[in-house]
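Shared between the two complexes below is chain A, which pairs with chain B and chain C, respectively.
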Partner chain A sequence: MLRITKVYRPDNIDEALNIFDDNPGIRPIAGGTDLIIQLSDSLESAMLLDVSRIEKLKKINITGGKLFIGAAATHSSIAKSRKVIESAPLIAESSGIMGGPAIRNRATIGGNVANASPVAESLPTLIAHAAEIVLVSANGLRKMPVEDFHLAPGKTALQSGELILGFEIPVVSEDFFGFYNRLGSRAAVTITKVGVALASIKSGDRLGNVRIALSAVAPRVIRAPETEKIMSGANLDDGLIEQAAKKLVSECTPITDFRSTSEYRSDMVGQLFRMGFGRETPQN
Partner chain B sequence: MAVGKSVVRVDARSKATGKAVYVADMFMPGMLIGKVLRSEFPRGKIVRLDVKKARSIHGVHAVLTADDIPGKNVCHVVFEDMPLLATGEVRYVGEPIALIAAETEAAAQLAIEAVELDIEPLGILIDPEKYNSPDSPILFGEDNIFAHHKIRRGDIENAFAQSDTIIERVYRTTYQEHAYLETQGMLAVPTAEGGIDVYGTMQCPFYVHGAVSDVTGLAQSRVRIVQTTTGGAFGGKEDVPSLVAGWASVLALAAKRPVKLILGRTEDFVSMSKRHPSRVEVKLGATKDGKLTAAGIDILFDGGAYATLSPVVLWRGTVHSCGPYRIPAVRVDARAVATNKVPCGAYRGFGSPQTLFAIESAIDELAEKIGMDPVRIREINHLRRGDETVTGQKLGESVGLQECLERAITESDYYNLREKLHGRNGPVKRGVGISTIFYGVGLGAGGTHFARSGAYVGIQPDGSVQFAVGTTEMGQGMRTVLGQIVAEAFGIPFERVYCLPVDSSRVPDSGPTVASRATTMSGRAILVACSTLKGNLAGVIAPEWGVSPKAITFGENCAFRTDNPAKRISWNDLVERAFAQKVVLTIVGYDSSPPTSWDEDSGQGDAYVIYAWAVNVAQVAVDTRTGVVRVEKLWAAHDVGKAINPTLVEGQIEGGSVQGLGYALTEEYIIDKNGIPMNPRLSFYHIPTTVDAPEIHPIIVESAYSEGPFGAKGFGEQPLMGIAPAVANAVFDAAGIRLREQPFLPERVWPKLKKGAR
Partner chain C sequence: MNIGFTLNGRTVRVEVGPSERLLDVLRERLGLTGTKEGCGEGECGACSIIMNGMLVNSCLIPAFQADNSKIETIEGVVETAIGKAIVDSFAECGAVQCGFCTPGFVVAGAALFRENPDPTEEDVRVALSGNLCRCTGYSKLVEGVLIAARKLKERK
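Here is the complex of A and B:
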């Protein structure tokens, strides 16, 4: 049952940090598309700090070769942003397919990452793009790779009194090659059963700087270091893709639950990976 | 003038703009919030139930258990086995145990938590196939069987012995959740003089009427039921609203205040009715040239913890189990059994989607074994005018199956389409599948005692007309279609007619709004009323014109002499004169259904008054890498007798088809082996979205039914019923794998693709 005792709606970060200070246990809220559901299911009451009015948190801009996406940027604004589409295409893609239009208009990338689900849409693409998360608190700013931020289902490195400010992502070069392929349970508004994101730099027949992130096949979104190693610098042909696909499957530990089976998820990791090289997106 | 036109639905604007008032939108002075405490165990003995603490919580006005019910603790459906609140034993997760009425939701929640409840777990029966295993507990009667229906026709042993080809297959289906937009809810208001008014979302106001009287102990004369705007039902608001209304009513009487009780989504999901899971074993025999010789069918339905509608759902499933075919020898045995799970009930198709999935898949498997095209085997065997159904009913009129088949084949360009799709290479395989089905319209011999209807029609002094019926609008467009029938009967514009909300005090008991019967049954009652009123009006002018009232026709906004249409009077003038002469212009028309017959031992008789017919052709794409099945196109031909409103017919075809696709492909509600629901929410139970909907080509066939209003017969359920087998057959055509268990999730398809299994 939803029991909200207080809501603050600050206009800037300093105000927000003060509210944090004055109200221990207060919870940030952006789109509320995860949090409101969780609160409705729980018996506890909550105080909320609405971050969706803080301009700085909604910014999308490029400075010094880095794309900055504010934590409170909505998935629709990200999916539609020229800057994101050109500088970090997979992130635009994941924001463009999550949920449905109504959800995308409310839900934010910061909320998606803070919610820390192993099936979160933005995590694999942020990780593949080597994004860093920027955190702010009364003690100032700190940064870390997104993959270090996500610790376990529902668990992050966020400390109390800390807000996610946004994400810094290296702008991709012209020879970027990558894909984000995922399967859900229907064509839209569906939670990912398996997801594979790959970002790299392509020169001739070779891939460099390969970064692979997998969702829904482990307790958190994971990298695939062995597969990345096989791929980096090697000649990209069918044999390599096949070898890499097999390796990739061996790097994940999917479970069987009511959404899917571990055998199916394992095999799909390989299938989605192969499809990505054929520039194919799987249909649901 | 109005019939056959696609007028805009009368409720379209108010629903699209959010102005429509649902029960959750209603507030009354002093109104309390009702809540239900439910079992978390699939079965157990209630060893302690103490509500003292809960009652003492501030803001709580009533906490009731079975002992506090003033009337009978029973919800009568077919039998009287289901209590309003559990006594002694709980039998499924979600079973109601206690009721709370409080000033706020928070207080009600605190009271729920304060009830002291101890349940001692008892042995459970979860798998319906173990209903007669010695280790299983007995939950109903002596053998766990709620109902056993049969069909016995011809010499089955001999017929199989004479068959050239025989197949035997087992098909399984699982739950389907209605997922109506609006969850169940009721508002009960005690009246100053000791009666009760109940407002809420429902399909069957007269079931609710009886139930509220039963549990409150109030005379039926003091109970009034008003249907509020109903946000979808699909069968899910047939019997269970009686429970919800019962809870709200006993709370309201105890608290002496209005009580609004609205179920949350998960609560609704866990505790309200579902489509029955099934196991259907089919044995079919045919000659080498494809003529069906024999059908032996064994049906098992998982009824859940109480009988509710299982006996009648099973009956429809039984009557439809052999498909729309001529089969000389038939033996069907159908059983619905008890388990410690949510009671299953009505859902669009009412037991027939399960058995039609089996027979329509089996027909294809038989054709494949004989080496015959799936369309050809249907052409050879399908029912035509003059044929007998497997229950021995001779088909007189309105048998439009052949036309449905021809048009679906032509418009889909079936043969060329198949060839074209098979010619493509690549990992995505495409194919086409077909299903031919039929639907017994109305309650049939399984529910003759309800087969009646009433309609109030009142001509107003200004010449506009209001009417009311006892069947309900739940989004299917009934108010619009019936308005068209009234307008057509009087020959006045549709805009001059208005349908009042359903109120049990306004019209006689009209039976339930189920079985695709509202258009035909209420339409017939309306025509009875209109005919009397036209006689009364004609009587006003006939003497002046020197003719009998029978020689006067109504149309073009006038009454005129049938033999001399120039001799006429405008509708308004005639109504004005009739009022001046104090002629009765407000009456209730009453009608009962044409007769049916049934012999329970042989399963022979005229099961339904008339049948609707349909053919679906589905084009699918099967991704052999992922096992994902996508339906790309669908042709759906339906014989509806007469399309009173063609756009609404197409709307039913489109909506029902998509609901059928959900049943075929994505909808899976899981109750685990311990009886615990795993995914009772819409984020984990996947109904199709608009993005999942294929290109749908509705094809309307009109083979008139002489007893129906303007030739119409019901068909609202039919669009869902044949989709799953058409898709399964198309998957076989595309990828050579046979899916015998619905839904066709990629997790089920993919292993078969890997094995290349048939």
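Here is the complex of A and C:
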């Protein structure tokens, strides 16, 4: 049962920050698709700071070679945005497949990141795209790479009194190559068992600036630095893809839980990676 | 908290508590029991309504967020040409068995037609992907929505 004691609905950031200062422990809510479920399962009461009326938090725009996506932008608005599709295609893709249509119409990218699940749909693609999270508090703005923000399941680097303003993502160049492949127990409204996101710059048969992010194979969404090193600048042939797929598996520490086994997750990390390069089976 | 919104074309005002869900306000306070509660976690779509033109799960929306919004429930949707076409097509191709999920599917189909009056089968499958039915096996529901789309197109 929900036990909400008090609700504030500010129209702008300054007002929201003031409410934050006056009400320690207050929980920000936007779409509520995760929070309402969590609060319903909890015995504790909560105060809510509804940020869904703050227009600035819903903005999607491009300034100075960077795409900005406001924290309260919904997944459906992100998936449909021409700016996101062209500037950060993997982020549009992950927003377009998370949950079902009704969830995407409410759930926000800021909420997905704040919830800090190792299976969060937006985290691998934000990290692959080298996104920075922009945080705002009474002390001003603070930025950090998204991969440094997600600390552990349910834990982030968000400090008390801080609100997620949004995300800054470098606009991709024309020679961008990347993919986001994820696996769940069914195609829609599913929780990811394994997710592999890769972003890079392709020139001829070589990839540069390779960034790989993996979900659901460690306590948090992780990078794969060894695999990135193997791939960067090397000739992209079957041998390299196979060598990289094996290295990628070795960089994961998946667990067995009710969604899947660690063996299956390990195998699928390699497989989703191969599929990103159009290979369906291990190449020998 | 006193909130006001447009409900199926009529303006309503209602006093809600901070813990009330929109689903409960619609069903218990306003008597619109066509919207169902299935899972209560946004997995099944039985509580689907259209809020500000968009399909949403009313079980996950705190009622205070409905303030100043435009809400359409199954009771309003079935009065529209789109809603009637979907209901008739569902009856025609046997897309209804126990009926519990049906209002959600009709609302999801209507939300699809607003955005895309000429959907492909894939579009329909994506549009209905947030709704669960444990009786029909989905084929007839997908077919029903496609038939409704064809009927609406022919009428134009």
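Here is the rule we use: the second predicted complex is superposed on the first by the 278 of 284 C-alpha atoms of A that agree within 3 Å, B and C clash if a C-alpha of one lies under 4 Å from a C-alpha of the other, contacts with A are read in each partner's own complex, and residues count from 1 in each chain.
Criterion: a residue touches a chain if its C-beta (ideal position, glycine included) is under 8 Å from a C-beta of that chain, and two chains touch if they have at least 3 such contacts.
Everything numeric here is computed off the predicted structure, so don't read it as measured data.
Q: Does the chain A-based superposition show chain B and chain C clashing or fitting?
A: clash
Q: Output check: A:Thr33 vs chain B and chain C. Expected answer is one of first, second, both, neither. What do you get?
A: Only chain C is touched by A:Thr33; chain B is not.
Q: Going by the contact rule set out at the top, does A:Met268 touch chain B (first), chain C (second), both, or neither?
A: Touch status of A:Met268: first partner only.
Q: Could you look at A:Ser260 and tell me whether it touches chain B, chain C, both or neither (first, second, both, neither)?
A: After superposition on chain A, A:Ser260 lies in contact with chain B alone.
Q: For A:Lys6, select first, second, both or neither according to whether it touches chain B, chain C, the two together, or no partner.
A: Touch status of A:Lys6: second partner only.
Q: Check the residue A:Ser185 against both partner chains and state whether it touches chain B (first), chain C (second), both, or neither.
A: Touch partner of A:Ser185: chain B, not chain C.
Q: Report for A:Gly100: first if it touches chain B alone, second if chain C alone, otherwise both or neither.
A: both
Q: Determine, under the contact definition given at the top, whether A:Leu141 touches first (chain B), second (chain C), both, or neither.
A: In the superposed model, A:Leu141 contacts neither chain B nor chain C.
Q: Quick check for you: in the superposed arrangement, does A:Ser52 touch first (chain B), second (chain C), both or neither?
A: A:Ser52 contacts chain C only, not chain B.
Q: Can you tell which stretch of chain B bumps into chain C once we superpose, 651-659, 723-731 or 741-749?
A: 651-659
Q: Name the residues of chain A shared by its contacts with chain B and its contacts with chain C.
A: Residues 1, 3, 100, 187-189, which sit in both footprints.
Q: List the residues on chain A that touch chain B in their complex, please.
A: Per the touch definition, chain A meets chain B at residues 1, 3, 43, 100, 183, 185-191, 258-261, 263-264, 267-268, 271, 274-275, 282-284.
Q: Please output the residues of chain B touching chain A within their complex, sorted ascending.
A: Going by the criterion above, the answer is residues 105-106, 109, 113, 621, 623, 625-628, 630, 666, 670, 678-679, 683-684, 686, 688-692, 746-747, 750-751.
Q: Which chain A residues qualify as touching chain C in the complex?
A: Chain A residues touching chain C: 1-7, 9, 29, 31-33, 36-37, 40, 48, 50, 52, 76, 99-103, 105-106, 187-189.
Q: Okay, in this complex, where on chain C does chain A touch?
A: Spelled out, the residues of chain C in touch with chain A are 1, 18-21, 40-43, 45, 48, 54-57, 60-62, 64-65, 67, 108, 111, 126-127, 129-131.
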